[in-house]
Every structure is written in C-alpha cells, then in structure tokens.
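Two complexes come next, and they have one chain in common, subunit A, joined by subunit B in the first and subunit C in the second.
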Partner chain A sequence: MFSRRIDKSPYGYLFIAPFFLVFFIFDLGPILYSFYLSFTDWSGFNTPTFIGLANYERLLQDTLFFKSIYNTLIIWILSIIPQLTIALTLALILHEKFIRGKHLFHAIFYFPNMVTPVTMGVLFALMFDWQNGSMNKLLMALGIVEDPVYWFNSPFLSQLIVASILMWQWFGFNMLVFLAGLQSIPEDLYEAAEIDGANKFQTAIKITLPLLRPVLIFTMITSVIGGMQIFDQPLMIGKGPENSTLTMVMHLYEAAFVRYEYGYGAAIAYGIFVLIAIATAFSMWMTKLKEKKEG
Partner chain B sequence: MNKKNLLFTMLVFIFAIGTLVGCSGGEETSGGSDQELNNENMKPEDFKGELDIWTFFGGVEGMAKSFEEKYPNVTVNVEVFPGDQYQTKLMTAIQSRTDVPDIFDLERSYMGRFINQEFVANLSEMGKIEDRVENYVPYVKSLGEGKDGNVKAVSDHSSPGAFWYHRDLAKKYLGTDDPEKVSEMVSSWDKVIELGQKVYEESGGKVHLLSHYGDVFNVEKQHQEKWIQNGKLVIDPAWKDIFMDMKQIREKNVDAKLPYFSGGWGDALNEGGVIMFAMPAWGGFMVNNDGGQAKGKYGLAKTPSGYYEGGTFRAIYEGSDNKELAYEFIRYISGEEWQTKNLEETGNMPALKSVYEKKLDTYTHEFFGDQKILKQYYELVQDIPPHEAGEDQNAISTLFYDAASAAIDNGESYEQALERFKKLVSNGYPELEIE
Partner chain C sequence: MKDYSISTGNTKTVSQLDAETKRKNRNSLLIKIFIWIMLILAAGICLLPFYSMLITSTHTNADITRKLLLLPGDHFIENYKRLVEVVPIWRGFLNSLIITCSATAIGLYFSALSGYGFSKFDFKFNGPLFAFVLATMMIPGQLGIIGFFKLMNMFGLINTYWPLIVPAANNAFGLFFLKQVADSAVPKEMLESGRIDGCNELQIFHRIALPLMTPAIATLGIFLFIGKWNEFLQPMIILFDNSLQPLPVMIASVRNQFSVDYGAQYVGIAISIVPILIVFALASKKIIGNVMAGALKQ
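Take a look at the complex of A and B:
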C-alpha cells in the first residue's frame, strides 16, 4: 500500500519557490542588511563605514534607550490588564445564550480596532488638551476640577492616556478571539456541570477558563509582541514630559528617520528584537511551567 | 545532478536574477559639467522638453503652470508627496539612482543635510545665478549656499514672521489698532510682558496678549551663536534671556497657554481670546476666510526681532540629463516676474529685495485691510542674521525648547533647564563635547 520511497518530485519546490523568493528578497534581505548596518556609521548619503560594535556600545550607554524600555513596559502593563479583563468579561457575557443582538455588539466593540492608530492618537491628544480638551471641559462642567488638568505635564497621566488608547483599540479584537475560543468548548461539558448543580461562576472558573488557556496564551504572546512595538499612538501624542511616552520604536524612529543615523537606528532595532525575543520566550516558558505543574 | 534537478535549479536561479536585476538601478547619467550654460541669451520658445519636479508643497503646481505658460514648448511634471514621507522617498530615489527628478524641493529644517552632497548640482557653475541671489534677502541667499560658498539651492520666497493681531481686540485693550503704534508697544519682550499683564487684568483673565511663550523662542532662535562649534556644544548666554522671558510670560499670565499651531491656537486666531500671534507670512491658510469674513480683521506689527519660519528651496540633481532646462526653471523662479506674480496671487513674500522695494507702497493683503504689510516684513526680514543651513542647528534648537518648556511647566530654574538640555543633547549627539 505504501511505496517504500517517498516521491520527492522537485516540482513541489517550484510551487513554494515564489514565497521563499519574495521572503528572501523583501524580508530576509532587509533583516540581514540592517544587521550589517548596525555595525556601520551611515547617514544615508555617504557609503556606510564599518565601525564594529560601536553602535552597540552606545546603545548600552544610552539612558534614553533604557528609559524607552521602561516606558514601553509601563504603557503595556497599564493597557494589557484592563484590556484583557474587559475583553474576557465581555466575551463571557456575549457568549451567553440569553443575550440578544450579539452580532451587533461584536461589531460595536470591534469598531475601535478599525480606526487607524494615528487617528486615535490625534483624537486622544485633542480630547486631553490642556486648555481646549473636551475631557477638561467635561470635568469642569461637572465641577470635579476647578482648573483644567494639564494631562501631558504628568509622566504617569501621559502614559495612562497612551495606555488607554491601546486598551480602547484592542479590547474588541481580543474579545473576538476569546469568543472564538469559547465557541470551541463543547456544550456537553456545560450541560454535565449544570446537571451536577454548578452555578455560572463555577462553570466559568472550572470549565471555561481552563479550556480557554490555549487562546489566552495566544493572546498573551501576540500582545507581548504588539505591546513592545507601540509606536503610532504615542508618536501622535509626542514624547511626553520627561520623555515619558517615548517608546522603544519611537526611539528607533528618532535615531533613524529624524537624525538619519541609520547605523545606530539598526542597532536599536536589534536591541528591540532581542528584548522581544526574550519576552516572548519568557511568556512561553511561563505557560509551559504551568502546564507541567498541572500535568 | 539529474536533469530535473538541473532544470529546477536553473529556473530558480533565473527567477532570482530577474528579481535582483529589477531592483538595481540604472547608472548615474552625466556627471557635472563645468561649462556655464548659456541660458541668458535664449528665448523661452527655444527651450524644449520635459522637466520632473518632486516636492512636498502643493503650490509648486501653480509655479509649474506659470512656467509652462511662458515656455510653450516645455512640459513640467510635478509630483507632490505630502508629509514626512517626502524626505525618505527622495533619499531612497537618490541612493538607488533611479527615477530621480531633475529638480527636488528641500525644506528649511533638513536642507542642510542635503545641499553639501555631491548629487546636488552646483548652480554657481551653471550660470549667472549668483548675480540673481546677490539681490536676495541676505538670510535666504545664505541658506542656499553650500559650505564652499557656491549656490546649491534657491528659494523663490522669504518667510518672515511678524505679530498678526486682532484689530478689534487691539482697539479695545491696547487702545489703538495702528500698526506703527502697536509695533512700538511690543518692540521688546519687557514691553510685551508689561502690556500682557495689563491686558490680563483689564479683561479679568479672559483675554491674553500672546498665545504661548513659545513665540519668544520662535522669534529669537536665529539670533544666537551656532550650537556646534569645532565639535563642541556652545551655549550662547542669550539663551538665558530667552528662557527668562518665556518663564515670565507664563508666570505673569501673558500667554493663553495655547501652543503654536495647536487646535486651541487656531480657534484663538480665528475667534479671539488672544490678541496677537507670532506667525510667518505663509500662515494665512490657518485663517478662516469663508465669505470674506477675515477681510481687514488683522493688523501686522513688528516682532521684537526679525525672524523667519520654514522655507522651501529648490535644487537640481547632479545626475539629471536635463540640467539646462532645470537651470532655466530655477532662473525663472528666482526672477522678479515670478516672485511678483507669486506675491500677488498667493501672498508669499518675495526673496528678491527689488520686489519688496517695488511693491512696498502698493501691496495689500485682504486679511490686513489697507495696511501696506511689506513695510513691516521688509524691515524684519533684513534683521534676520544670515547663516548657513547647518545640519543639526534646528534639531538642537528644538531640544533646547523641549528642555526649556519642560522646566517652565514644572517651575524650574534656567540651570535646571540647561541640565535637561545637556542630557538630551548628549543622548542624541554622543560625539559632541559638552561642558
């Protein structure tokens, strides 16, 4: 029934060749080239000159780079906790049978994700404007504050605003991912639990969450990667007081595309790459660790 | 290797080579010629061909149209790339030497990086352009010069700034809307601060004289020593005065805390609440003139110092095979004919002193009623010290402003502001020596 030899017809390679060619030229090529650039001094006009590890040495002494890592982490943590909590809660609620017009809610909650990040950045910057922002007008009209709040003069408030843009933008997307996960959980488990007399809360904790774990891991990893690359939204807000909303990628952008230090920009990019790789590996290791404990 | 494998390898190889060839650019065409082009004696009809121009500024289309009208056998293709992407797009084209336009526009803020590169043609060698720019407003002339003193880029305008003030508010709070008198009232920052306090008190805090303390920085930033000298960061003591003026303006409620070009600033410019705005001559697009509502609404007063904001310069690509025509275009826009037309049609101030002088007593702009605004602008524009475009000058000035405004917003001293500033500079420019 089975031939002893697998038929290794080379035509298969032809079919996959276009992808690899495009990948080598437009993805791997630039990736390797920027790795080379990270060892050079290049302003874009001259020919790149090889300077060894100087860019990486500078990176390790660049206090602003470390600050940008810290900022990115703070913004990410401030956004991810409410984001996933809201997404999961909404997904659990919308998964209930008695909710009417579910699809309308799916669309509404997903809507912020369709707005481009730049637009969101501008919108929030205007909303939280010191003198003319609608948020201050509202707070003053309600009598909560007497003088307008200078939001963007406080490092923490600025970070919180950027984090809320991210939260606002992504909770709907994560909610849909969670919903997809919920739908894959077999109905009979719930029925069995119901017969055993479990209440809604118990089924959520004992059945839904454990079975949702693969989806949670997926969301965690994608949000770690996405969260490390925050760029558009804070760019519209600006660097913030004390550079508090300067994220890692913004720092890269400033070096490469504002000061035209392509070599140093490439070194920052590789610094970010290493950090994201570590963070991703860490989050995968964490989830595996849990698995082992449970197993 | 069997036949099939060979065929497969060859196919992949051909495919790969084909793609790579597609990526590589054509060779750079002609090099620089030392011969002076003899455009001076040619008639407009003698010029034939097509010219490619890249810009970030939509107004160039009108300029091209005007050129085509005068030069009937020439077609000018203008490509407009709005926003920040223009610079990257231009650099990529130049690096790969593909599809580089004959003429490209450079904005004041980054032109210093470009004009000393070898791909920018030396206009001084191409014709008598130096005679033209000799009659230019000094700062516009020197910005377009390379390190060797040759003309590398030419602008068709100057972009002086001045105080635009609401006439009705000036009458009410300053007691006059006469440009001469108002100019006198704000001829120094001390006077501005004193007057600003008065306005604030008289209006019960509803009206402010200025929009933001940033106006001091914008007006004064071109009057100091260069930041970088012999690899060292030099901090002109005059920056302290600028900082102190900015700080006082905030502390004494002279400004409405509306940053330049912010949403609230635009509202105040159109609707009031702030009396005057330090603004460049090209800023008119921020004024809402639907149904002619801005007619005669503003007056123009002199700022304590002359200053300019922005500016678009035009350079020729050294590798262009159309240099003669490109040079003719540059020659055209540097002449009186175009600059007068441009002033009348768009309100952009000329670069030629002769155009200023000829129009001094006649030119009016609808926003300013019958005020002869060239008078104020001409005096201010000549007060701007000529300086080279410089590579990092603007960027470092911005860092100073960032540090100064952070210090002022947090009630800090000049020394603390300097500390912030030095930190920012040492991070962005680690090769600089900073004391």
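Take a look at the complex of A and C:
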C-alpha cells in the first residue's frame, strides 16, 4: 500500500525474446520457406524457379504417395490395437495391490520406449532376417514352423513387423499413462461399488473405463500425431516388397534427399501436414461426439 | 430347545461360510499365481530381443547363421574389431555426447528463462503468446525440413553442429513444463525482496529463481537428453562428413556397410543401447514418475 511498485512487466519480453528469436529463425522461417519451395522446381543445384501448383498437381496424381498414406494407416492400426489392449491389461494388473515389485515391472515395460528408434529398426531387421534371424531359429526350435519364414517377402508380414516395433516401443509408455489415470480415480468409488455387491468385471466396465476416458483420449491423439510421422524404424527395415513399408515421411525423405527433388519434397511435407491436421481434428471430433451422446 | 436349535443352526452356517471363504481364497490364490506368471512372461518377452542381441553379438557369423543362440559365446572382441575398422563408432559416441550435452544445456537454460518470463511478468499479450507457444507443439517436425536444409545451406551451417544445437533453445514443451514449475516453486515475495536488495531482473533470475527450479530442471534434462540422443533425421541431412555424425546415423550406416556381417551389426546396436540402459538404471524412478505425472496434466 505504502510502497509504490515500479512496473517491471516489460522485462518479461526480454526473457521470452531468445525463445521467439530462435523460433522465427530455425522453425517458422524454414516452414514458410518450405511453403515457398513447394511452388518451385528446386533440385539442389539450380536456383528455384516458380512453377505454380505443378508440384501439388503431381502430388495428387502420385500413386506412391497414396500408397504411402495407406501403408502408414495400416501400420498404425496394426500397432495401435494390440498396443492399447496390452497397455490397458498390464495397467489394470499392475494397479492391483497384491503385485510386488511394481517399480521393476514399470521399468522393464517402459525401457523399450527409451531406446533409439534407429537401433530398434536395425535390431528387428536382424531378428527377422529369414536365414540368419533369431526369430526363425526360435520358431523352428519350438516346432511352430517347419521351414524358415521369409518375413520380408510378404507385404503384410513386413507391415506387421514394422507395427510390432512400434507396439513394442510404445505399449510401456501408454501403460504408464493408463496407470496414472487409474491412480487418479478415488478409492472410495471402488469401496462403494464393493458394498453394492459389484464384481471385479462390473467395476472395470462401469467405473474404471468411463473415468479413464480423458486419458484414453490423450493417448489416442498423441498416437495419431506420432503414428502418422513414423520414419526411423521403417527406414531401417527398408521399403519392403511392393513398397509395402514405405511410410509418408519415408516418401518425403526419398523424394528430397535421395532423388534431390526438393521442391516436390516440400509439397509432400505440406500434404502430410494437412493429413495429420485432418486426422487430429477427426479424432478430437470423434471424442467430442461421444461426450455429447453420453452427456 | 429354541436356544439349542438356533445355536446348531449358527454353527452350521459358520462352518459353511468357512468352507466358502476357503474355496474363495484358494480360487483367488490361483488367479493371483496365474496373473503373476503372465506378468513375468510378459516381462520376459519384452526383454527377449535385448537378450538375444547381447548373446548374438558374442558369436561368429557362422554360428549366427546356423544355430539358435541362447548362451554367450567368445567372439565379441573379433566382431567388435571388424566393426571399428570400418565405422568410427566411438567417434560417433563422442559426437553424440557433444551434440546432446550442449543442446540439453541450451534447451534447459532457455526453457527456464522463457518459462520464468511467462510466469512472473504480466506483460501485454502474455496469454495469447503462451497459447501460441502451446499451438506450435502440434506442428509436425518434418514440415519445414526442406526449408531448414536450404536455409542452413545458405547460412553456411551445413556440416556443422550449430543447426542441431541452437534450435534447442526453442522447446515448447520445456517452456510449458518450466512455466508451471516457476508458477508453483518461485514465490513472488522472494523476487520482490531481491528487487529491494538492488538486484537487476537477470540477477534475480540467476540467483533466486534458477536455484529454486533446479530439481525440475534436472528432470526435464533427462527427457531432453534422451530425445536429442535418439534424434536421427536432422543430423542425417545436416552432416555429410562421416566423422561428424552422431551414433544413430552411424548405426544406420553400419546396417548398410555390413550387410552380411551380422556379428558386427549386433555389436554396433549393443554399443548404442548400453548407455541408455545405464541412464535408465540410474534415473528410472524419476523418469517413470514424470511420465505418469505428465499424463495427468494434459
């Protein structure tokens, strides 16, 4: 009251200035510049000349681009369904009181998430090598298959292997997210249900799942955004038979940094951006829709 | 008579109840054992590829081709020698350390600086600018990659570490995380007393706010470190010189250069996983706790 404070607020701009400076130079600048390049025929050596919408017209006729969208979606679906199922099951189990050594299990299941994606790709490529891979040796020793399976000869199996890398890398993360959600559900809800005579299955369906909804939405949205951008692991596996494991970002990488069609690559980057925006908006809209129905 | 009948009735029910609870207990014990076995099996499957990798890296190529390997062999050194003859893997290790440590340090300092700025100064457009920062988190990483490559080329920064290190100062997640920390861990009164003592705003940040935010900064540091250590696409397009490349890029080239030398490839990926294993062993409680805490904030 008696000491009049000097307004220090403008100093705030100095504190946030470096962040925005770097953002404009290394982030927004390149994004806008890419947008410009997507209207040019830049191939790395020439000076970019403006060619209008030619790159985008080519993109809409590029069957390989549509194939890469399809591949990315298939791989995403193949990985997300078992991934969330396993994550939820393990989270429900590890939330039980009688389990000892919870931290060790958390650590084991989360560890693959920290390993370099490139390393994971190489490891799986080696493991599923049809002549030298340990997976075929193991399956034959267990008597599950007679002859070695030529994994990377089949489009579907190749996609399944890429999907299983992603599943293996992300189920532990999602498990921790679900566990956090479970821990936030108040204990007395379960006690009340027990008094009312509900069994374990009923409590899971009527209490746990509805209250986990916000957490489920969070994992869905993050996994859509992440799943549309997979690159490191499938690049190590290769394009696969009939380009079956060529993902959208791999297509971008090949156009720009292998064939040096940078202008076209920039157009692909914006195509991917639009698709991710649509996928994100769609998953948000889906969850909103459900909310209204239930509300 | 009445008393007697009631008491016999009671003993009957008690013994019946007893048998029932015993059966229930036995059933739930069986279920518990079943769940335990499933859990341990799941953990085993989860770790199996790593085990297989370590074991296989110690065998000759001939054995890798012929047999299912379950126990360690004695050819690790030979495989390792063939690997380092062609790929300077330790150089890559050192490069990764240089890039990752400097990027993490820069990322932490500037995330703290800007997070503190958003938290403690009520400047005009504080709210909209912060919302803008959050919105940038939704932009996919490769959107500007081609413009990034060309701009860095024009600045003459291709084949240097600058384009990999300096952008770390612009980490929206770090800013968001440390703004929340500054909101709760740095009381305004302490800043006021610093001002009365005649410190300038930057001194207040360095001497008062930064020490109070240190535990959270350390936590964020682990995540920034791991993220940067695993980065692949950016260093691959920015660095042409083999001797400048970080570990993930070298691992990818091991895959291309040793197409039939499986022993050497296994040694390469084992070398790239071990440091992560060490970091994780030291900080797993912190990492896991923060993944879970982060999930609830969203």
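Here, the second predicted complex is superposed on the first by the 285 of 295 C-alpha atoms of A that agree within 3 Å, B and C clash if a C-alpha of one lies under 4 Å from a C-alpha of the other, contacts with A are read in each partner's own complex, and residues count from 1 in each chain.
Criterion: contacts are C-beta pairs under 8 Å (C-beta built on N, C-alpha and C of every residue); 3 or more make two chains touch, one makes a residue touch a chain.
Because the structure is a prediction, the values reported are computed rather than measured.
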Mind checking the superposed model to see whether subunit B and subunit C fit together on subunit A or clash?
clash
In the overlaid three-chain picture, which partner chain does A:195 touch, first (subunit B) or second (subunit C), both, or neither?
neither
If we overlay the two complexes on their shared chain A, which of subunit B and subunit C does A:123 touch? Say first, second, both or neither.
second
Touch test for A:274: subunit B only (first), subunit C only (second), both, or neither?
neither
Just checking: does A:108 make contact with subunit B only, subunit C only, both, or neither of them? Give me first, second, both or neither.
second
Residues of subunit A touched: more by subunit B or subunit C?
C
When the two structures are overlaid on chain A, which partner does A:10 contact: first (subunit B), second (subunit C), both, or neither?
both
Using the touch definition from the top, say if A:23 reaches subunit B (first), subunit C (second), both or neither.
second
After the superposition on A, what does A:258 contact: first (subunit B), second (subunit C), both or neither?
first
Regarding the shared-chain residue A:131, is it in contact with subunit B (first), subunit C (second), both, or neither?
both
Listed stretches 78-86, 114-122, 168-176 or 366-374 of subunit B, narrowed to the one that overlaps subunit C:
78-86
On subunit A, the footprints of subunit B and subunit C overlap at residues 10-11, 13-14, 126, 129, 131-132, 257
If we count contacts the way the header does, which residues on subunit A are in touch with subunit B in the complex?
10-11, 13-14, 17, 21, 25, 43-45, 58, 61-64, 126, 129-132, 150, 153, 239, 241-242, 254, 257-260
Would you tell me which residues of subunit C are touching subunit A in their complex?
32, 35-36, 38-39, 42-43, 46-47, 49, 52-53, 56, 64-65, 67-69, 110-111, 113-114, 116-118, 120-124, 126, 129, 133, 136, 138-151, 163, 166-167, 169-170, 175, 195, 201, 205, 226, 229-230, 232-233, 237, 247-249, 251-252, 254-255, 262, 265-266, 268-269, 272-273, 276-277, 279-280, 284-285, 287-288, 291-293, 295-296, 298
Which residues of subunit A touch subunit C in the complex?
8-16, 18-20, 22-23, 26-37, 42, 86, 90, 93-94, 96, 98-99, 103, 105-112, 114-119, 122-127, 129, 131-132, 134, 137-138, 140-141, 168, 172-173, 176-177, 179-181, 183-184, 215, 218, 225, 228-229, 231-232, 235-236, 249, 252-253, 256-257, 262, 265-266, 269-270, 272-273, 276, 280
Considering only the defined contacts, which subunit B positions touch subunit A in the complex?
4-5, 8, 11-12, 15-16, 19-20, 23, 84, 88, 91, 95, 113-114, 117, 256-258, 262-264, 267, 392, 395, 402, 406, 409-410, 423, 427-428, 430
